[in-house]
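After this come two complexes, each holding chain A, first together with chain B and then together with chain C.
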Partner chain A sequence: MTLLRLLTWPYVRKHRLRSVLTLAGIMLGVAVFVGMHGANQTVAQAFAATVNRIAGKAQLQVSAGETGVPEEVLEAVQSVREVGAAAPVIEAVLNTNLKGQGNLLVLGVDMTGDRSLRDYDIEGGEEDVVEDPLVFLAQPDSLILSRKFAEANGIQRGSRITLDTMQGPRQFTVRGLMKSDGLAGAFGGNVAVMDIYAAQFIFGRGRRFDRIDIGAAEGVDLETSQNKVRAVVGEGYDVLPPASRTQQFDAISRSLSITINLTSVFALMIGVFIIYNSFSIAITQRRNEIGILRALGASERDVLRMFLAESAAAGLAGSILGLGLGLLMARSLSPFMSNMVRELYGTHQMPDGVSMSPWTMAAAVALGTAVSLVGGWLPARSAARVDPVKALQKGRYQVLSEGENRIRRIAALVLAAVSIAIVVTRPTLTIFYFGYGLMVLALVLLSPSLSHWIALSLRPLLRLIRPVEGTLAADSLIQAPRRTSATVAAVMLSLALAVGFAGVSRAIYTQLLDWVDDTLNPDLFVAPTESVTQRSYRFPLSMTSEIAQVPGVEEVQAVRTVRVQLKGVPAMAVVVDVRQVAGRVKYKPVDADPVEMVQLASEGKGAILSTTLAVIRGIKKGDVLELASPEGILKVPVLGTRVDFSDQQGAFIIDRSLYSRVWKDETANAFRVYLRKGEDPEAVRRRIIERFSSNRKLFVFTNASIRELIMRNTEQWFGMTYIQLLVALIVAVMGIVNTMTVSIADRRRELGVLQAVGGLRNQIRNTVWLEAVAIGTVGLVLGWLMGAVTLYYNIEMIGGDMAGLDLDYVYPFRFALALFPVIVGAAFLAALWPAEAALRASLVESLEYE
Partner chain B sequence: MIRLSQVSKCFDGKRTVTALHPTDLHIDKGEMVAIIGPSGSGKSTLLNLIGGLDRPTSGEIELDGERLGGLSGDGVTRVRRDKIGFIFQFFNLLPSLSCFDNVALPLHLRGWPRAKIQQRSQELLELVGLGARMEHLPDEMSGGERQRTAIARALSVYPPVLLADEPTGNLDSATGADILRLISDLHQRLNTTVLIVTHDMQVAHAAQRILTLRDGRIADDRRL
Partner chain C sequence: MNRWIIPALAAIAATAQDARQIVDEAQKRARSNSQHYEGTLQVLDGKNRMAEKRWQYDRIGAFGDSKAVLRFTAPAEVKGVALLIHNHKDRASDQWMWTPAIQRDRRIALQDRSTRFFGTDFSFEDLEERDSAHHDYKLLGEETVEGAVCWKLESQPRPGRSSQYTRSLVWIRKDLYAFVRVEAFRKDALVRRIRYGDFENVKGIWTARTLEVEDVTRKSKTVMKLDKLDYNVPLSESGFTLQALRRGS
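The block that comes next holds the complex of A and B.
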């Protein structure tokens, strides 16, 4: 501790910028970890909070995915003696048409029975109509708003507001305000309550509810009540406590977690290299100090401890800062994840701030500190081994010995060989990931040798650009690998991550385009909302023939997309007339005869799975899907799998005949409309809108606009990838800034000599700039190479574990080339300040600098 | 050749330290001058000011007819590279460059053609007796060889002034004597003006004139 105070602290104060950059290395790694996990946890918690707030005192919920619960089930549940209260619920989100307010979560409830489960906490007032639920019910335009929402929009009791409904915009009267606790606090306070039967009509639910909330009868334990309800409703319905919905969240977010963890691991590894780099340089510079310490009697262990304590302190400080930055990152990431959850569950939540468990925060700080210790270990060990006599001699430089390099090369080759053997034999997924780790390690170990060779081959080029400065820059790289190898490795890792992600994105994008070309070939699409994925509103199936009668229309295909419970976790069912759709869309299964598959599917004898669903749920052709349905568990054979991007978590196609028979649901989410030859899509589009303008709210998209919409949604889906790319680039740039700063400090005497023997300011600048550009280029070339490897593993991961997509390996050459100006430009910018600092330094001090 | 008029140097810190009080000095062309004095007396400061490595707080320095005071940073560098050769106690060779490349470096910085650089560097290394060590890195050479390389580098354009700061300070006495002989020899053969800062009286007595500095002032100026 005394040594830290006496020696380390003055060093840190003297080299403030370098210390900041060292901390930044850890900070960024920890921030990525915290940001990614924080966003995930925030959304999970917001999800749980919304579920709990809306659930109120309900102990159990009866649900059946998005297919809903028929009214008869409510009666059956209410007849159970062990049930104290049972109330139906419809949950939907409406566009408020209010500037800046976004969406409003509307709960349809039965006021007569619901108040025993939910406390609406209505604000008092003699004329408060909600005091009498019957009055509320008698007026189907009644709405109760959260006070927060009402105040934000200047709405009072009695105000009339217009909301978009399935029947077009409708006016509602605000007949009560809820205090902003409990239920009114859900969905960021944007909550409204309306009568359940009005909601059924407005949201096109027919004679169904989204779920039934249950409170057990007095004196009856939850389990008994649950069993009794289960016995009455049958296996086709989930009867679970509200909290269990949050457990499903974990299952769904698994693939996201893999990506999050992969990015975090890379970010932390890069942190290791930045720490290693900074400490190696610091130890080179403080060799004299270490020599004095050793000469004064400090043992090797004392020196080792001092430097380890330094790296732990740096790690701790960097981690705490990273925690702060990570929480900010989580805040900006959580809306993206929140959207994904809404897509999956239809449970709308709005993260309010960032919530993260103290354990995760502690883990982040511990990880950051550990990473710093790992990065600092080798330099600390070499500091401890410094020979005091040699250390006190001036003018010696550190060069990585050839022996040290040979050991690294051999270790790298062994690791790579093991990793390749794993790829060939592929025993289990876990071992495959282990092999990925080994390969990354092998490449990292090999990077000093590779960068040496690349720098050697760059030398003639740099010499050609600037004979003196270019040579000096290249030689600096070649002769001082200890100074540059860690940065090169950090840049390499960052860019490999970027190239890997870009390659996967591009492959998915290409496949998505193919799918769009094959599947989305109708001339027009009719949907109830502007968003193709929003499923709050539906059309009656009878509209199919009504649209078909519009002049110019040749064929209309109704599509119902609905999440049903597949072994307790929702899965997207795409309900169509399979034979009809197959007439227009070529189904290309990866594992079945297409004719037979379509034949059986159209007869309702099975389902066509997306490869994504097959991989995520571990299902293959010939297996049986066990779907929760009103008839109990419905067993549907899997007829084949095909690439299908209908849903991120995978989907399955079943025939309308099967769906209608079992679920008795005669609604559609969209219509695919084919026109007669020669018809103008825009003209027919207008005709459809006109035809339904009086009684339906609908949106008609042309083929081009739907494609654009899907591509836009895909861009959002890739948002996470772009963030990762950005992080990778920031890390690369930071690594270069770090190295250039320490490199200039390390080479201060060298640059001083250059000036002393006649180097002009521009020549000094050029040397520094060219060195930075050379470091960037070496890191870039290695990043390109390693990116080729990570891309292979990423594609295998996507295919075998995360999304079930059999992606082609196509190296993203364009992206890789685009990185060249980015990295070279960044390297150049990174060198500007250090170059000026080198010129500003006193020449006399520089020449005496050790 | 070298003229100093009321040149002083102060260093500002928590308190201002005067390293060199206002000093007048004139050194003729071809003179070999030793500057001696205890540590902190201002010897190196004086040498650095004459060599344009540092700027004086006051006064004017004229070198071969050129006034350094009015020149920009690059202007001083140009004077330095055309008129001055430096020899340092710790050699200050670039560790990544070979013996040959270290000598060639100032010529490259002057933009000389490659063939001319090759010829001049070889000639200089032969002159200092290192014709056989051209491809060696500094780390692969003895202290004496390194200092010879540094001397060859300092002579790259046969500058009229050679400034040496403790050129034998980091060498054993035999090698030191050897280096001193080389400097004296070059001084005589090339008629170079030589200024040597030293603690070693044996080195000082090899010069024609000895300046003794004490507490930032010239305490004695003696011609031998």
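The block that comes next holds the complex of A and C.
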């Protein structure tokens, strides 16, 4: 403690900027971790909160993915003695058409008995939720609104509001208001309740409910009730507690979680390098103090403790600041992420503020502190081992000995060899990821040598640009690799991440375009909402022939996309008339004869899997899908696999005949419309809208606009690349500012001599600028190289674990080249302040330095 | 309507022979093969706001083996909404509601029988017609209610018979063998009170033409008046089916 007070504190005060940069390194890593996880948790919590509030006192829910539960199942469930209450539910999200209010979660319930499961009003019954329950049930336009939503929009009992429904915009009468807690607090308070049978009609559910909520009978334990209900409804239905819906949400947003974890890990790794860099520099500058301390009797352990305590304190302070910044980031990111989750997965939630578990916050602070200790460990150990005699000598501390370099190179080569062996043999995915880690470590170990060689090759170029300043800048780099290696490694890592992600994005994008070209080839698409993933509304199948009668239309293909339970986890089923679609879309399986596959699928004898689903669930051609259905577990053989982007977690195609027979669902989510030759898509589009304007709410997309929509969703996902690029830039700037500040301090005498012998101020500036640009360039070149390796691993991870896509390895040259001006510009900006600081130094003091 | 509300709240099974005889006699005197009336419901909430509804009521059969249809006729927003009730001797009744605006019928689940009947102070269970054998009872003594001497009895559902009420107190006029007051309890709390008035002899059956139901917790009141009351009218079984409910006949 005394050492910290006497030595560390004065150093921190003297080098405020560097101390701030050290804190900023940790802060950045922790902020990215907290920001990404915070936004993700906020969205997940908002979903869970909505689920919990809607569930009310329900202990179990009977559901069948998105296929719904037939009405007769309700009676069967209600007949179970161990069930105290069973109430049907329909859940849908409507556009409010009210400025700034967004969507409204509409819950269809049976008000004659739903109150045994959900609280609608003030306890004690001092006020009715609905003025006249009979009128509420008798009139299908009846709506109960949350008081919060009503007050925010000046709505009172008796007011009429217009909502978009399957039958087009319709007026609803507000016949009741709910207090703003309990159920009314779900979905950020944007909640409405309507009669379940009116909801069936309005949302096109036919004679189905979305699920049945259950409360166990008095004195009956949950498990008994669950088993009895299971026995009655059969294996085709899930009978689970409401909380399981959040687990299913986790399952369908798995890719997002993996991406967030990867980004967070990289951000923290970069934090390690920034801390390492700062502490290496601090120890270099304070080697005299360390020498004196050691000469006065301080032990190696004392010195080690002092520096570890410094790094722990910096880590803790940086983590706390990072936590604050991260929470702000999470607040800004969560609406974006909520929107992305809604578009990608079709789930609904409305984040309000930031919800983050105290455990995650504690973990962030602990991780930040640990990262700081890891980053500070090597410099601290090196400080502890300083020979007091050598430390008190002025010398070439920044030079790495050839022996030290050789050891690093050998270790790197060994690690790389092991990693390559793992790639070749690939025993398990976990070992493959371990191999990836080894390869990253190998490249980090190799980075000083590589930096040295790149700096050597840059020397002639820098000399060509500025003979004196260029040579000085290059030599400074070459002679002091310890000073620059951590910065270079941090820049390398962050750019490698960005390059790897950009490469994968590009490869996915290319495959997506191919899929869009092959599969999404109709001239028009008819959908009930503006979003292709939104499945609240459905059309009756009978609309197929109605659209076909519109002049100019040649063929209409009905599509039903629905999540069904595949071994307890939802999987997207794409229901089409396979033979009809195959007439227009060339199915290209990767492992089957296309003619035979289409033939069998069209006869309802099997399913065509997306490669993503096959990889994620470990299913291959010839296996049998076990799907939960009203008939129990339906066994569907896998006929083949093909690339299909219908759903991020994979999808499978089955024929309409099979689906209708088993699920008895005669609805569609969309129609694919092909036009007669020579017809103007825009004109036919208008005709379809006109034909249904009086009785249907629908959106007709042209081929170009649906492509644009899909690409926009995809780009939103790839927007993560920009976050990583931003992190990379901040790392580059911070690292270079730090390194250049030290470089100038180390070279005060050299720069002083240059000025003394007539060197111009601009020459000093140019020297500093060129050195900074050279550091950026070395980091960039290494980032390009490591990016190539990262890209390989990313593609293998995407192919083998995350998405099951067989992506082509194509290096993103355009993106990589675009990084050049960005990094060079950032390096130049980072050097501006240190260059001016160098000019401000006293010439006499500089010449006396050392 | 009082014909099936009374036994629902107060039907008594024997634990003391006198009490059993009283209730059986009351049930016997009230027996008819069918019933028709037009009713008016006035619901007064805690703030004295009043809502009025009218409906037609038909019943065929009697005590625990009957079918009834209740069809609302006014106001316009609820016209056509109907309720079909099938009462059973051995179990709780089946009930369906018909909503003409969406052309749908819905089954009222057993779990929902304790909820209020469309905003009135009756519950769905109160609409069930149960045999007196569904309850146990005991005679508590005699009391004068509104000038008439009455037997005071306590009834409790027999084991295995589900009811929202744990017990009820019932007053039966000694001169008419007609119910004049019922107080229903959930655990030890009084939740509902019914008063009967305007007695009239229709085809030999003494019937209260006015019922006042008070929800003690909510402090609200529903007053029901019976017009065009008639017994043993010719009604067809086919008029008491789901198909008939949907047809609106």
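Note that the second predicted complex is superposed on the first by the 806 of 850 C-alpha atoms of A that agree within 3 Å, B and C clash if a C-alpha of one lies under 4 Å from a C-alpha of the other, contacts with A are read in each partner's own complex, and residues count from 1 in each chain.
One rule holds for everything that comes next: a residue touches a chain if its C-beta (ideal position, glycine included) is under 8 Å from a C-beta of that chain, and two chains touch if they have at least 3 such contacts.
Owing to the predicted nature of the structure, the values given are computational and were not obtained by experimental measurement.
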item: Chain B versus chain C as contact partner of A:763, first or second or both or neither; value: first
item: First (chain B), second (chain C), both or neither touched by A:110; value: second
item: Which of chain B and chain C A:300 touches, first, second, both or neither; value: neither
item: First, second, both or neither for A:85, with chain B first and chain C second; value: second
item: Contacts of A:197 with chain B and chain C, given as first, second, both or neither; value: second
item: Partner chain in contact with A:680 - chain B first, chain C second, else both or neither; value: neither
item: Complex interface listing, chain A residues touching chain C; value: 75, 78, 83-86, 110, 112-113, 115-116, 125-126, 128, 130-135, 137-140, 197-198, 200-201
item: Chain C residues touching chain A - in the complex, by the definition given at the top; value: 45-46, 51, 53, 72, 77-78, 80-81, 97, 99-102, 104, 106-112, 115-116, 118-119, 124, 217-218
item: Contact set on chain A toward chain B in their complex; value: 394-397, 399, 467-468, 471-472, 475-476, 478-480, 749-750, 752-763, 839, 842-844, 847
item: Interfacial residue positions of chain B with respect to chain A in the complex; value: 48, 51, 53-54, 73-74, 77-78, 80-82, 86, 88, 90-97, 101, 105-106, 108-110, 114, 139, 153, 156, 170
